[in-house]
Amino acid sequence: MPLVRVDVLEGRSPDELASIGDGVHRALVEAIGIPPQDRFQVLTRHADGRLVFDRHYLGIARTDGVVFVQITLSTGRSLEQKKNLFAVIAKNLAEKPGVRPEDVFVNLVEVVKENWSFGNGIAQYAS
Amino acid sequence: MPLVRVDVLEGRSPDELASIGDGVHRALVEAIGIPPQDRFQVLTRHADGRLVFDRHYLGIARTDGVVFVQITLSTGRSLEQKKNLFAVIAKNLAEKPGVRPEDVFVNLVEVVKENWSFGNGIAQYAS
Amino acid sequence: MPLVRVDVLEGRSPDELASIGDGVHRALVEAIGIPPQDRFQVLTRHADGRLVFDRHYLGIARTDGVVFVQITLSTGRSLEQKKNLFAVIAKNLAEKPGVRPEDVFVNLVEVVKENWSFGNGIAQYAS
């Protein structure tokens, strides 16, 4: 159910990008109980200059290794769960492929459960 | 008003991608009454490995022909309308360009009506 | 905090795209008080045919110079602020790089403040 968009610059290799996708997914499983098989991601590498970011906002030193993660997911996670999710994403990406925690930018977009179809034209999560 | 993002792998041809955009738009018109001229879409083909998806989640067999459709639209559609929209998208894409219904993943993101400007710097839908 | 996605066709040069990113950001600062350093943008050029748009919807004449701007931001802006934001984006892009106001399409997606992490795995805006 989460639909995850990951955007990085081309300085990151395809292998690094794949590892980032893996780490974000494991964080969703670990921190907020997403089923391990519930994985849908769009991973994109961008030419130089196409990710624009401030290198110091909130006193956090960002580099060209920056990773933008936008996760659309169903409502219902508590603030503690969200905080844990952010922390585990940063931890996982630091472990592999070695992303600096300062470079991990995450945004959550919440939607109601009925707003998903996983195939066959059916709203599988609608009650 | 809907802003539609369609993401596929490069195994799908540009013509198939265009047909997918057409089919999603016709579904919006047919199922939830979007004006036929109200069409705004971003269609993207991705290199192998850049769409990550589980091939069996919820018992649905997905292939590299998978189609991710994310639709941002105004609030106000009923559950029945949403269910119908999912069904008609899958039906249309099956007819042309022949997408397997199992491969059609759809997510809706709802926003308030005042959150759109269709040009000229004006919020045309704001009351 | 806003995460801005700008999509244009390849008829627009990289320099024009960069100017569009600049103009959108200045509008966010001017119209709704976003901190000047709070800038996170994904700028993408697409091959011909990959942005699909109606050339006349609502009586607005759009061209291949169309600019799609999708802004994810925190809730809390008034209708007047949003209207002003749309107006200032169109004004800024007209000034530089000379985008026709008819070609500026904008959509806002609102999320709660706790849905952002600007680095280090922390929800910096959560209370």
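A, B and C label the chains in the order they appear, each numbered from 1.
As a working rule, contacts are C-beta pairs under 8 Å (C-beta built on N, C-alpha and C of every residue); 3 or more make two chains touch, one makes a residue touch a chain.
Just so you know, these numbers come straight off a predicted model, no measurement behind them.
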{"item": "Type of chain A:chain B copy interface by residue overlap (half), same or different", "value": "different"}
{"item": "Fitted rotation between chain B and its twin chain C in degrees, CA, nearest 5", "value": "120"}
{"item": "Whole-Å gap between the CA centroids of chain A and chain B", "value": "21"}
{"item": "Residues of chain A whose C-beta touches two or more other chains", "value": "109"}
{"item": "In the complex with chain B, residue positions of chain A that touch it", "value": "3, 14, 17-18, 21, 25, 35, 37-44, 72, 109, 111-112, 114-124, 126"}
{"item": "Residues on chain C engaged by chain B in the complex (per definition of touch)", "value": "7, 46, 49-54, 56-58, 60, 62, 68, 70, 79, 82-83, 86-91, 101-110"}
